[in-house]
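In what follows, chain A forms one complex with chain B and a second complex with chain C.
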Partner chain A sequence: MRAYRRLCGYATAAVKQETQYQIPTAARTEKKNPVDHDSQDVSKFYTIDPKTVSNIFQTGGLPKPFTEQTNMFAETALMIRQPALEVINSLKSTDFQKPAVRYLLYGQTGSGKSLSLAHILHYAYSSKFILYHIPYVPIWLKYDRKEVNWSSSKNGMADIPLIAAQWLKHFVHQNGALLNELNLTTSQDYVWSQRETTPQGTTLNELVTHGINRAKYACDCMDILLNELKAHCSNNRCKMLVAIDGFNAFFNEKTDLKTEDRVKVTPQQITMVQTGLSAVLSDWNNGAIIMVTSPRAALNTKRESHLPIYLIGRQGFEHIDPFIPVMVPELSTVEFNNMLDYYEEKRWLQKPGGRKELEFLTSKLPADLMARCAPL
Partner chain B sequence: MMALQRLFNNLATSKLNTPKLLSNFVPRCSYGLNNVGSDDPDVEIIEKKIVEEKTSLAMRAYLQRATQYNSFMQQQTHEYNVGKRHLANMMGVDPETFTQSDIDVAIDYLFPSGLYDPKARPLMKPPSEVFPSKKDAEFDESGRPFHVFFYTGKPNFYLILHNIATKLSELNKFEDSLRKNNILPDPDKKLTSLGSQWLSKEDLEKLTVEKLSDHEYKNFVIAIERLLKHPCSYKYGEFISDYQKPMISTKAIIESAPVEYTKDGRAFVTVKDCPRKDARADVTVYYPGTGKLSINGKGIEFFDDIQAREQILFPLLFTDMVDKVDIHATVRGGGVSGKAGAIRFGISWSLRSFVDPETVERMRIAGLLQKDYRRRERKKPGQARARRKFTWKKR
Partner chain C sequence: MALFAKYLRIGSTVKHGFQAFPQLTTAKYSVYPPHFAEPVYKKQELDKLYESGEIENYKLIPFKAAKSNETCSIFHDPMVAKFINYMLLKGQKKLAREVLEKTFEKIKKLQLEKYNRETDPEKKASMIIDPVVILKKAVANSKPLLKLTAVKRGGSFYQVPVPITDKESTFYAMRWFVQCGREKDKSISFADFMATELIKASNNDGKVVNKKLDLHKQCEANRAYAHYRWS
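Entry: the complex of A and B
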């Protein structure tokens, strides 16, 4: 009985405290379409409606901790930040008759590169770009026990058929409707084997479906798909956005993968990587290329700096040169306070105060801040 | 040698004269004769004889022990001196100018020890340092103790307590006489224990040359504190201060490090080689600043785990200087927590120059200004780690 009373006492105290303490509300913008976002909206939140989220990001694209958080908050709210806005603005004003422009997002671990990319992807999706989106390269190359086979079409190269098929599913999920609308077709016959051929004039959707069903050819299908899309873009039939997160993993020295005959393969030996590298070549127009380098995508031994030249090396630099580097910095003071307001509004942060402390401990890195506020 | 001779003389005489002595004076003069003056000429003669003859058993035992000890020490000192000369010759140095520190260096060089404990390493010290000295005789030849409190078992200690009690009652009388004349004891003169502490138990034991129990030491502290708190205690300030010692460590802490200035007039303090475990840090704190932090060229991201980050934050938060100073630190050696601890100490040590003395005192009490001398404990053979034992299996 006494324990119960004590509990009640605590509860009333908590209620009293709550009545005195006014929960702040985060600054939000009403513009749901990223096409409308401008410098007025910097550091404000905007909500992506759940349908769009499932259309773009259901099979990858948002970092896992952030996805968990959106489940908890029952909304996907992104903060509009300068780097993403910069890219979106320049996409708006690009002359698409010129070769595709390359952007490279870089920054410290946890500074919000992936979410900036998500913002840009949302913009591209709503502006009817075809998304050639690789959610995170290291999930291709890390973690052993993947089926790795020697490629039948390219000598000395290795395929990861199941992962490629998975990616094709991701591609169809993002672009299936748009491809149907545009009615893009193949420009030539593709002979997979003696029995299986894809004749000229097949829709790209069917091509991809074939790749998914016959996983053996999924890697080749990825390559063909890329070439077809490049050709269509150059012929002004469509627009395409190539987005690769964890781009620097292409230039790592090794992978965790082994073929069945126990040969270790390097990233450069993998057909999907070569496809990814050819996607960032600027030999097409009517589109843009966005790469994200991340220290976490690098090997454990190579994470001292977040600067791109350190992460991708000289070889990588020559491959993507020229490009526009876009630094994703830590939060500004306004952004930091708005972020904490948002957390307090969502009761992710239960009590006010201690902001100075949080600022010092997380050095205003949003991912750190999110993790730090979880137990508070 | 003199004492020895006398002892043997005494033994000889007492053996010879015992029957005579017993028959004459045993009932009356069993002890204390040398202190009692007598006018009677007859008695005087006999008294002299008794003094010669009567030596207590305790005294004899003591003299024997003392002789043994002295000859032993003589032997040891001789060996030490000879050894010293040998050592000097071995090292090719002049034996006359060969000092103790030279001996230590030579021993360290000639007998390098792989053993960890300093106590287990070979040494060569003067015998007086190696063998504990013996207490002097506490009684005279007839066995009568010199000290009034001999029979308390710890005469020197109880003398101190006795003195305190006497002084206290004197002070009470003094205060009474003041009050009779309508004078109040001067509150300005009142003594305080600020900045000093009582002699520790070990110190007191050294002073009294007696082994004390915790209980006895507690009694001493209670008594001397009561004397100190007396309004007229200033009268015996000197007596009280004999049992106090200053807090030297506090003084060193309060004296802050010298402040230097940059070209643009910002004050800064640099502390080199701040230790914690195997890590060493060089920390520079700039004041005023904006809360910038750089550790080996990185920010707080240098540390991945939150515990290390909080270590860095703590002194700044404690002094409310989070966004008022800039910190530049380079740290080397050790692991994560060692590095963090070293930087923490460096920050607190240099912050002393930029905060008021009260805060410094608070920092001291919080333990921010205390060097952490703890080191990694060694692994023991026959055990899994420093303390962990192997899984015990019956068979």
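Entry: the complex of A and C
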């Protein structure tokens, strides 16, 4: 009875909470350009201005929960972390006359791989790389009800025309301005059909626009675009960053997709996947390749380990060998505290004082932390 | 061993497929004789007892075991735990808890939107974002002062206004929230509806507060029967 009275008391004497507690502010850096970031900025936040965010990530690239959060906080702030910084530093000091270097980001689910990639993409965007960015491979291969056709140009391969057109839009959105500036042109004639040809000397922008308008040829357009870009890079006309999130989905055993005659297709049979795999080959220079493997991109029967050899298998390993593995670990103590400071500053975390409990519950994984803090 | 099994009910029934193996549940409270005291499971409250020296009074009293949902976690709140219990259907506590957590998230979203839009710093500082505080305020605002009971006089029943205990009025308020949540339109989710309703009630507005006012009005209309309570 006494306990119940205590409980009712809680309801009656609501709201009178003391406001003595000083709300902390997160550590931030003023350097908005990722080119300037160095080891002193580790674990601090930096804000990306909304215009850049819409330029790079409007059509994909940031995880959905994070995007919702940025809408709520009315700013896009990324934490500068060691793995992204490591890649950026080595991109700065790379000799671009050598074949493109491959980096592989890997780590547990929710450890911040995609956001590390976002940081790297921001760097590449601001230092004028052309971004050949695949936001998340499983959205190509998962969820049936997509239009899948047999390819007309490559025998035994399947196209996903609408998705490819969507991706081309994404590419133009990210790189349209830069492509206009560089004025890159096609090196040979491309014959799509009897009536449609793209003559030598058309700009790449027009090539992509053709792919978007004629979705039937979007998959071939992707492939041609990649080859053209590779050639231009090797001729020192431009720099390119290939970034593929959910890379291990290329090596899954199956997809959800079926063609119209109800034949199941494997990932290796899809032209877009083959394009993605050829983007990863380092037979070109003046650029870099960044891949992200994540257990979530794998089939749900194959998520026990987050290590790349388990996720991409021997075949995939041989395909991308040699590469530089970059582990994205869970948050360090400083980063963890700064993250919570940020949440408290933004009034997202309303209950201070439970940090040890949160640390124990989330094992310092940032995505888990975000989800845990949601109802608090 | 039989006694043990009787006191600590071993839950061998599989409920909705959530429990894979038999699990030890806490003792039913009815097994305790009346002289057993309620447990103090919050560390802060226990510290307070030690500080004030009140702990001496409790030293020789037997205590009930704490329930399985009563923890000393800083994020635990007895009021919220009670609300979850009222929401619960068919023993699916996990589901109920998740729904309430979603509600809290939604409340924070709505309040933060307002907070970020506000330009006046004074108003900004006074704005409540903490969902638990909003829940408590909403419940406090919708607690009725009187209730109606049926009393048989001369062959017919009369709705007689009678005073209400604090415990019961808390129950009424919380139950009204859950009822409104169940009666809502199907196009909106329970969590979304509850979030807006709680925010409204914390500002003395909304369906539940109207329910309270309706009850008060009816009590006012039936004041002529008030003496039936005694005679």
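Following the convention adopted for this analysis, the second predicted complex is superposed on the first by the 357 of 376 C-alpha atoms of A that agree within 3 Å, B and C clash if a C-alpha of one lies under 4 Å from a C-alpha of the other, contacts with A are read in each partner's own complex, and residues count from 1 in each chain.
FYI, a residue touches a chain if its C-beta (ideal position, glycine included) is under 8 Å from a C-beta of that chain, and two chains touch if they have at least 3 such contacts.
Predicted, not measured: the structure shown is a model, and the values here were computed from it.
**Student:** One more residue to check, A:W348. First (chain B), second (chain C), both or neither?
**Tutor:** After superposing on A, A:W348 lies in contact with chain C but is clear of chain B.
**Student:** Once the structures are superposed on A, label A:Q108 by its partner contacts, choosing first (chain B), second (chain C), both or neither.
**Tutor:** first
**Student:** Regarding the shared-chain residue A:L376, is it in contact with chain B (first), chain C (second), both, or neither?
**Tutor:** Touch partner of A:L376: chain C, not chain B.
**Student:** On the A-aligned overlay, A:E357 touches which partner chain: chain B = first, chain C = second, or both, or neither?
**Tutor:** In the superposition, A:E357 touches chain B and chain C alike.
**Student:** Under the stated touch criterion, which partner chain does A:L365 make contact with: chain B (first), chain C (second), both, or neither?
**Tutor:** first
**Student:** I'd like to know which partner A:L162 touches here: chain B for first, chain C for second, both or neither.
**Tutor:** After superposing on A, A:L162 lies clear of both chain B and chain C.
**Student:** Is A:I23 contacted by the first partner chain B, the second partner chain C, both or neither?
**Tutor:** Neither partner.
**Student:** Looking at chain A, which partner touches more of its residues: chain C or chain B?
**Tutor:** Counted on chain A, the partner with more touching residues turns out to be C.
**Student:** Can you pull the chain A residues that chain B and chain C both touch?
**Tutor:** The answer is residues 357 of chain A.
**Student:** Please output the residues of chain B touching chain A within their complex, sorted ascending.
**Tutor:** Against chain A, the touching part of chain B is residues 291, 293, 299-301, 306, 309-310, 313, 316-317, 322-323.
**Student:** For chain A, which residues count as touching chain B in their complex?
**Tutor:** 108-109, 356-357, 360-363, 365, 372
**Student:** Quick check: in the complex, which residue numbers of chain C touch chain A?
**Tutor:** Within the complex, chain C touches chain A at residues 37-38, 73-75, 77-79, 82, 100-102, 104-105, 108-109, 112-113, 115-116, 128-133, 136-137, 139-140, 143, 166-167, 170, 173.
**Student:** Can you list the residues on chain A that touch chain C in the complex?
**Tutor:** Those residues of chain A that touch chain C are 1-12, 14-15, 17, 72-74, 346-348, 350-351, 353-354, 357, 374-376.
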